[in-house]
């Protein structure tokens, strides 16, 4: 399996076949190389590594994307984290720790996104 | 045990008695309230929580401090991470993932600090 | 008065009873600890301190939230600043200074939010 | 020609008369000094300089605004870049390079904005 | 008085004649335009404005430079703040508030710089 | 030529054989994967692309690394930029534009690094 296929298989396991199909539908001549980069470098090269498991990689992303102020990607990786077995309690702890290290505004923005994601999955009333 | 004592106990377990004593020696009328804040809020309130373990909290900090570009605190929490059972392999994976999400320059800066810490502990030649 | 009550009293004075009631209605099992953190640490511990007055704390937040790129919190603290006696002229000067130090894009984003807030209060046509 | 007129002339050449007229309509007592700052300092003083051409200045802005996480200004300068002769292929290369240095989430956010701009101009299906 | 002279006069009042002389000695063909920019735009145009006083401008800069992670400029503006009548107590409160909003690592880095500045002035043992 | 060789060839052309040899000497079991990442992804995959030339890639990096606050990498890419034919005048214009968009402190830090690099090459007295 080459990096592209390996990366796409990881995305499929992380987000499901429908997510991958929707992503493929957005492909065009302009964005194709960044899709390749995401598939091959991000997922096929880094997520494919051993040493830490996938749930840990999801947890790292919640922390880093909160710090980096990137809400669209944070939402996407919160979905991935829940699929990778991350619990609501764990997400809460990650974001509380972000309050101390990244500041309260970063944590409040991330909590608002996480609440949306949890509610859409009926994990939160 | 109040928040101050609980926080100091966690710092002691994370970094050792000598670290805490050195920290106490730097106390003065100007910085006392930020030391209280670190002891009581950061360690006594957040690190003291359950839901994720201490090694996980160290891992989160390596990721967030790399993203936030805070080398002094990153160095300190790399020490804590090793004390909390984080392996050289795990640190490497965290920083490789940071290369994708925070950018290569963030990861290169963090690798340089981690190499220093590992060498000082004779974990790296 | 404990930190929770002290913090809530400051929020009440800063934003009014209706704001606090709306905030309480959004409380749930997931976000309760970050609300506690905001009430007890942010307001009950830091805003409650003497040494600088509340208007000064509002001014600091406008500057920091502009630098940190956190529009939701910036909007909220612009409301608080106006309640704390900050004038339109002062807000303008803070944001002009941010143009030099944080860059013009940061200032333009903050001016757009401030205009919205001022217009909603009929302070700007 | 003074700095104000020089700056406005550059904005006119970069974005067109209608853009400038719309900008003038948004002028009010609150925002006038930041408009002056943009006209006189940003455009009249810096964009007016020689040493690098206007297309190069547009390219720099795409890179910096991606790094700085300022989507509203990024969108505006992508429009300017296309007017300054920057091609879709060049924009793609700038953003791919941002993926490596600023991180994939920064690049994905910027690609999404660029696709919008390109589609509105019928440069992308 | 033109913007250049006005800016230089403000720098002189803020930091003293020796500071200005040292700054002039570092002038060369490469950096002259950024010195002009600092003198004319930063000081001659923005610091010269009314609406908030100089002490307030120093306070804003401590907050923004802490958030922006710019230690060299933070050190310089801490000197200016003390010259502008900002007390050790006020600096402490600004940085404690930064701990909540910008995160503890940002505040710890800023406290370390402030302690250095205060000690060099014999304001702290 | 595979991505590794292609990347190393680009680094060789950008920085010279001695730079590459020094880099190889710092290789160890911990940092090997980030070196591979730099060689294969950054240089072998992105810098190897057509669409914009190498001088343009150097220019983008000066802009992005100034915005990202990464002085070690900024220094390294200033060296590369000069090797790629970027003139002192062009570097000055890039950094002046950064003053407007990233803020004066970012530009001042970058000017200081650029002066060091230029002086070491005897391009500035």
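Some notes on this structure:
Residue numbering begins at 1 within each chain, and the chains themselves are lettered A, B, C, D, E and F in the order written.
The criterion applied here is as follows: a contact is a pair of C-beta atoms (placed from the backbone, for glycine too) under 8 Å apart; a residue touches a chain by one contact, two chains touch by 3 or more.
Computed from a prediction, not measured in an experiment: that's the story for all the values here.
Summary of the copy comparison: rotating chain C onto chain D for the best CA superposition needs 120 degrees, to the nearest 5.
Between the interfaces C-F and C-E, more contacting C-beta pairs are found at C-E. Taking the mean Cα position of each chain as its centre, F sits at the greatest distance from chain C. Seen from the Cα centre of chain D, the chain whose own Cα centre is farthest off is B.
By residue number, over half of the contacts seen at B-E repeat in one listed pair from A-B, E-F or D-F, namely E-F.
Distance from the chain A centre to the chain D centre is 30 Å, each centre being the mean of its Cα atoms.
Work out the mean CA point of chain A and of chain F, and you get 30 Å between them.
The set of chain F residues that touch two or more partner chains comprises 33, 37, 41-42, 49, 65, 68-69, 92, 96, 99-106. Chain contacts in this assembly form a complete graph, since each chain touches every other chain. Here chain F touches chain E in the complex through residues 69, 88, 92, 95-96, 99, 103-109, 111-112, 114-115, 118, 124-125, going by the rule given at the top. Listing the residues of chain F that touch chain A in their complex gives 33, 37, 41, 45, 49. Every residue of chain F that touches chain B in the complex is listed here, in rising order: 28-31, 33-34, 37-38, 41-42, 65, 68-70, 72-73.
On the chain E side of its complex with chain C, the touching residues are 41-42, 46, 49, 51-52, 56-57, 59-61, 63-68, 89-90, 92-94, 96-102. On the chain E side of its complex with chain A, the touching residues are 100-106.
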